[in-house]
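These are the structures in question, set out in turn.
Consider the two complexes below, in which subunit A is the common component and subunit B and subunit C are the respective partners.
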Partner chain A sequence: MSNWPAETKYIGHSTARIDAPAKLTGKARYASDIQAEGWLYGMILRSKWPAAKILSVNLDKARQIPGVKAAVVARDGSFTIRFYGEEIAAVAGTSKQVCLDALRAIEVQAEVRHEFVVNENEARKENAAQVWAGSPNVPATPHVRENGSVDTAFPECAAVIKGFYTTAVQIHHPMETHGNTVSWTDDGVTAWASTQGVSSVRDGLAGALQLDHSQVRVITEYMGGGFGSKLGAGVEGALAAKLSKAAKAPVRLMLTRFDQSLAVGNRPSSFQKIKMGATADGMLHAFEMENYGTAGIGAGGDSGGGSGSADIPAPYIYKVPNTRVKQSAVAVNAGASRAFRAPGNPPASFGMESAMDDLAVKLGMDPLELRLKNDPSPIRQREYKLGAEKFGWKEKYQKPGSSSGVVKTGIGCAGAAWPAGGASRNTQGEAQINPDGSIEFRLGVQDIGTGTKTVIAVVAAEMLGLKPEQITVRVGDTRFPPGPGSGGSTTCGSVSATVFDVCTNALQQLQTQSGLADARGENWFAACKKLGVNPLVVHGKWQPGLTADHACGVQFAEVEVDTETGLVTVKKILGVHDCGLIVNQVTLESQINGGIIMGMGYALYEERVMDDLSGVVLNPNFETYKLPGIADVPDIEIVLINMPERGVIGIGEPATVPTAGAIANAVANAIGVRVCSLPITPAKILAALGKVPPATA
Partner chain B sequence: MNAFTYATAHSPASARQLVADKGAYLAGGNDLLGLLKEYLVSADILVNIKSLPGLDKIERGEKFWTIGSLVTVAQIEDHAEIKETFPGLHEAASEVASQQIRNVATVGGNLAQHSRCWYFRHRDTQCLKKDGDLCYALNGENRYHSLFTGNTCISPVVSSLATIFASLDATAIVLRDGQETRQNMAELYQRAWENPLAHNSLKNGDLILRVEIPTTRSRSAYLQVSDRHAFDWALVSCAAAADVVDGKLKSPRVALGSISPVPHQVETANRFLDGKVLDNATATQAADMILKDAKPLEHNAYKVPLAHALIRRTLLKLKGDA
Partner chain C sequence: MKNSEPENLGAHSRRTFFKSLGTVAATAATAQVQSVAAELEKINTEKIVGPNAVPVTLRVNGEKLQLLLEPRVTLLDALRNYSSLTGAKEGCDRATCGACTVLLGDTPIYSCQKLAIESQGIEITTVEGLAKNEKLSKVQQAFLDKDALQCGYCTPGFVMSVTALLKKNPRPNADDVKHACAGNTCRCGTHPRILQAALRAAGVETASKTEVVDYV
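Take a look at the complex of A and B:
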């Protein structure tokens, strides 16, 4: 049992974002809105070669351009470039055009290397160009995990399927690009950062600039999305600081969409060769997978940064008695991967859930039934049953490819798991209660668009018997008590439990000081008044018994596929999700909507396209890097399972996990053949249907 | 972008004079400004032509309609009588980009827009179209490229208006060397068929004044398919127009976009369709003829069945309810 109150007025209900008016009126200030006195634009010169040795960088001509106030190199001396877009130098100037001109005036002497490789399958070949000199692109020994004995188990299976399921590299494209406004003065460095972690950015900047932590302050009042890619200061953060120091002025360095496509991280690709078997009654019995994928230069060799791995959990949410899983990351000359909303999970879900449906076909079973037989989670079992009812699974389900006509309909489902989602136990916070009854919460977390501030207000209002609008919330400042980076879907749990504790302490002290037995609700103002002239400042931190982890979730998809044009239309997605105690329903639903739309992009549209010959990213903009638009978004229905007894669990990540698998299965159900590769484009649908003629050239 | 001067022209003649030999006409700017910012085009002067008198009108006529080159795509889309008279033109206009772009995109700029090939548009690839040595797309990422070409560049024409105008046998009136010249859509793009450096047949200083659409074809239709539903370029677009007399096609024309440097038209197919009663078999035969010489590459062969389906569907749309 959790310690949360049983009867609630705000928790579990819906409070609109407390900062919605500020966002809608433009009052909200993002990193790029900061107009520090005398600020300059900053810009980065990036490599136009995918592989080169930089011999020297001459900034003199750039510095001579009127309006240019500083120019710095990204690295001293001679250095190696390993991907198109890697940082070489940066400039600060009084206008964008001045900076652009300056970038073109920088003289770079380089030994351009024509040996490079941007394609995973090419990079795996024996004589492929080495991304990291002296070490193979694929490590000699893959990561291997074995359970039971697949070799004896496969012959015991009644049905065995084999599939090769692949997913593309997905680029990090939060609506707000990466960047900072940095001011370096004698008093230290202040960075207005677009970040998911004010503390980690402070520590990172201090390290990069060789300053004490106490000399760096990071502020993030508002930010426009990060999805895992904005936990550190980034090269762009350190460069902005160096420019500010050199120019003696604040520098705003926001990346462009083009920059964004190259160097701020991505979700690794996956190439999953799966063999899976079940006994005649549909129990999974043997699973074998060989998977590789690329994390760009963050894989293979001496991969310092990046996630360094393209491994995915397998056999994902299922328990199979006999498994053998071999995985390896392939280095290519491309920007490194970074944590990306539920790292590893969407590709794992897509591969495994595709294999499940393929196996169901082989067994002649309803794929939902196969899941109910094999899914070890009682929560997902409940969700599947509830969802099937709502979705009308039984009525809608037809054998694959049996829908009539040119435009065929199909349905599919898939499940999610998210092992994290709990809380950071070091989260702290404070509240200042003023004699006039006003109260301000200060937490060194950041609201990355998920509604963290609103969660704080909701929990505080509930605990203190006030209204959410009576609570002032301040976050996103390293001068506040430290909070966690917003990663792993832990923020909601962390702040909810912390605010709970702050409120408990506040009431205790207020009651002692005021002599009132209960300072909540209608007694609040009277109690505060008794404080006299000094406000009361109380601290609190995460406490056990209020948070949990391991959210589940299942999604159902219904699609239409035009078998002559290959166009897929998603008609409906039903998401059934749990995240323990629901704190605020509207912002929770908003997370799930966003997760589903992002999952749709992964399923149908998104893909980093690189050119083998030149090594460039060919789609560095929203014209050709295709994201779902509102016209693509289907009817989304969300069913929530409230489990107050578990405590608070985050939802951001599990919400996006099963969408691609569910859509892929619905497409396969519609057309009767599987498109094994994401994104599922019209071209791939037509190819799967056997309609595409061979190339003539 | 490189520095340039700026002037507003108030007559076609002065526009021509101002633009001289290194300038560019600026209409809605959707394409030109992007090209300038990426250093793909440079101009010493931008001549704003948006104030040229009389070119922003749609005029009805007995024999033909006139659409001024400054008419916006949104104007066409919103024009009730165009929807009535040239339904295909209405459909094509409404598929162009997004509402915001349509609000400023002009007919002249749409026809004169540059290639969208992602190698041409990339700042760091020196492809054929930028006077480089090779077409990267030929053995590279050619999923959006042409099935037909007359040269070594496989970047296709992507103007949705050019596709529908071709099927309506519209003519562009172009001011060239002080003379009004007439070019149908085949002529307007012919040079792109022959010359990898060309995006169309316009020579420096050529100014599109208007487009004339004959009223001979009472039926028209346009269809396109993109990777997604939200606004996106066509993978293939198809337009068809004809008159229908006693259930039979008269003067039919079919044109396709995004599969060739020119609006793809096959005269034998148009002749084959002439006088035919439309049914699935006829449409299929026409589609076969239109795509007969397609040369699919490694990644764009899907355009063949896609184009085939679109030709059939567009033709059958001409039947309407009658």
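Take a look at the complex of A and C:
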């Protein structure tokens, strides 16, 4: 049992997002809205070549343009460019227009290299151009994990399937691009950053600028989304700081949407060759996978800010007695990958869940039945059964391809696991309780749109017997007690347990100082008044017994496929999810909606397209990098499994994991053939139906 | 302000375009020639401004905003970078995301695609202009009630698109809302809630489809 109160007034109910009024009226100031006194506009000059040696960068003419206040190079001396869009120089000026003029005036002398490779399959060939000189694009030995003996197990199987399941590089594309407003004065550096990690940006900037951590302050009151890509200071952060120092003025340097597509992260691709077998009764018996994917320049010689890995968990959520998994990351001349909402999991779910449905077809089984036989998680078992009933699985399920007519319908399902989602045990926080009864919480975390501030207010109100609107919440400042970066779905657990502790300590101290037995609720103001003139500042930190990890989740999808146009329409998604104790239901539901819609983009629309011959990104914008819009969004239903006994678990990541697999399976169920490659475009549907020739990769 | 032809306008000025068009058009249909000639005459009498900053007066949220702007400055830039009205956001700067949506009169426009200098003389409404006396507008309140926002960066654009829709059509259905918001992008995936909020602002309640089930 967790230590949370059993009877609650706010926890487990719905409190409106406390910063909604600020966001709805335009009062909320994001990093890109900061107008520091005398601020300048900043912009970055990026490489138009995918591979080059920069010999010299002459900034003189740029500096002479009226209004230009500073120009700096990205790196001193001669340096190597490894991808289209890599930073070369940056300028600061009195307007965007002045900066645009200045970028055009920068003279770059470069030795353009024609040896580059942007295609994973080309990069793996022996004679491929090397992204990192002297280092192979693919490591000589892949990562291998082996259990049991697949070689003896496959002949024992009654049914064996082979498939090649591939996923595209996905770009985060938060609505607010990466960037900062940075002010570098004699007192140090202040950065208003659009980030998911004020502490990691502080440390990163201090490192890049060779300053003490104490000389750098990072502030993120509001930020416009990150999804994993905004955890570091970034080249753009360091450049903004250098421009500010040179210009002796604050510099706001936000990336353009074009920049955003090239240089600040993506989800690695995957090419999963899967062989899987089961016994006649449908028990998984053998699993073999060879997978590779690209992490851009993050693979190969240097991590380049990314994880450098393209490995995925396999055989994902299932236990198979005999497995062999070989994986490797391929370096190509493209921007490095970064953590992206449930790193590794959506491609793993898509590959494995596609293979499960293919195996079900071979076994002549209902795919849901095959899952119930093999899924080791009792929570997911419950979720599948609940979901199937609500979704009407039995009534709706038809054998693949048996839907009649031109527009065919199909259904599919898939499961998720998120091993993290717990909490950072180092999270700290404080509250200042004033004699007038007002109270302010300060935590060095950030609200990336998940509702972190509201969660803090809800937990505090519950613990103190107050109303959420009585709680002032401040986050996003490195001067506050340190908290984790918003990653791994850990923020909700981290702040909930920390605020619990702050409140426990506050009540104890108020009792001591006021002499009142219980300072909560109606006694609150009387107790605070007894503080006299000095406010009470109480600290707290994460405590055990309040948080857990390992969320599950399953989703069901219903689609329509037009066999003449190849268009897939998602009609309905049912998400059945658990995240321990529900803290604030309304913001929790919003995160699940968001995960599903992002998963739908991954399934049907999103793909970074690169040109093999020129090495450029062909769709660095929203016209050609397609995101789901309001008209694409299906009917979404949510079932929440409330498990207060587990404590708080984050939901941001598990919610996006199974969507693509469920949609892909529904499409295969509708048309009777599988599109093995994400995104499932109309062209791929028509090719799978034999109506057009397949595209050559 | 100099009234002479700027030196550095290059080959793409509207004036030179129409001049060259004028000579070609001499052989075209009479009606076209006449309309081109009329346009040319109008342009020749217009005062040429720029490329340096010129005074621009905007009427935003009922107040006069007097700015000194290069003619190439967009309305979005003028609001965000030359005044303190940062409610309209820049998500793409090329008319694809809608985060910069403001009302020009009653019409929702991408303010990144409209020059500030061309936006003079018409009432402009930004998201800052909706709440009256600290009271949220009906649309804003519905967005709050339905949690139709997450990171909030696209939110001002959606709020303006829905506001414009309700001005034109106070009783929209779901398809009307989807059509009105088709030019707005949200990456957090808030769309179902935006749809519910827009309908709520129009007086139509949608039931929650969420079910909470105890595990034990």
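FYI, the second predicted complex is superposed on the first by the 688 of 697 C-alpha atoms of A that agree within 3 Å, B and C clash if a C-alpha of one lies under 4 Å from a C-alpha of the other, contacts with A are read in each partner's own complex, and residues count from 1 in each chain.
As a convention for this text, a residue touches a chain if its C-beta (ideal position, glycine included) is under 8 Å from a C-beta of that chain, and two chains touch if they have at least 3 such contacts.
What you are looking at is a predicted structure, and each value in this text was computed from that prediction instead of being measured.
Student: After the match on subunit A, would you call subunit B and subunit C a fit or a clash?
Tutor: Aligned on subunit A, subunit B and subunit C clash with each other.
Student: Considering only touches as defined above, state whether A:Ala36 meets subunit B (first), subunit C (second), both or neither.
Tutor: After superposing on A, A:Ala36 lies clear of both subunit B and subunit C.
Student: Who does A:Ala631 touch here: subunit B (first), subunit C (second), both, or neither?
Tutor: both
Student: With both complexes overlaid on chain A, does A:Ala28 touch subunit B (first), subunit C (second), both or neither?
Tutor: second
Student: Name the contact category of A:Val586: first (subunit B only), second (subunit C only), both, or neither.
Tutor: second
Student: Return first, second, both or neither, reflecting whether A:Met283 touches subunit B, subunit C, both chains, or no partner chain.
Tutor: Touch status of A:Met283: no partner.
Student: Should A:Val673 be classified as contacting the first partner (subunit B), the second (subunit C), both, or neither?
Tutor: The answer is neither, since A:Val673 touches no partner chain.
Student: Quick check on the superposed pair: does A:Ile65 touch subunit B, subunit C, both, or neither? Answer first, second, both or neither.
Tutor: After superposition on chain A, A:Ile65 lies in contact with neither partner.
Student: Compare subunit B and subunit C by how many residues of subunit A each one touches, and report the one with more.
Tutor: On the superposition, C touches more of the residues of subunit A.
Student: With both complexes superposed on chain A, which partner does A:Val160 reach: first (subunit B), second (subunit C), both or neither?
Tutor: neither
Student: Would you tell me the residues on subunit A in contact with subunit B in one complex that are also in contact with subunit C in the other?
Tutor: 97, 623, 628-631
Student: Which positions of subunit C touch subunit A when the two form their complex?
Tutor: The contact residues of subunit C facing subunit A are 70, 72-73, 77, 80-81, 84-94, 96-97, 99, 126-128, 130-131, 136, 140, 143-145, 147, 149-156, 159, 177-179, 181-182, 184-195, 209-216.
Student: Once bound in the complex, which stretches of subunit B touch subunit A?
Tutor: Where subunit B meets subunit A, its residues are 1, 116, 118-119, 122-125, 136, 138-141, 143, 225, 227-233, 235, 295-302, 304-306, 309-310, 313.
Student: Please name which positions on subunit A make contact with subunit B in the complex.
Tutor: Within the complex, subunit A touches subunit B at residues 48, 84, 97, 100, 564-567, 569, 604-605, 609, 611-614, 616, 618-620, 623-624, 626, 628-632, 681-683, 686-687, 691-697.
Student: For the complex, give me every residue of subunit A touching subunit C.
Tutor: Going through subunit A, the ones touching subunit C are 16-17, 19-21, 23-30, 32-33, 35, 41, 95-97, 173-177, 222-225, 227, 254, 256-257, 379, 382, 386, 390, 448-451, 578, 582, 585-587, 589-591, 593-598, 621-623, 627-631, 633, 635-643, 645.
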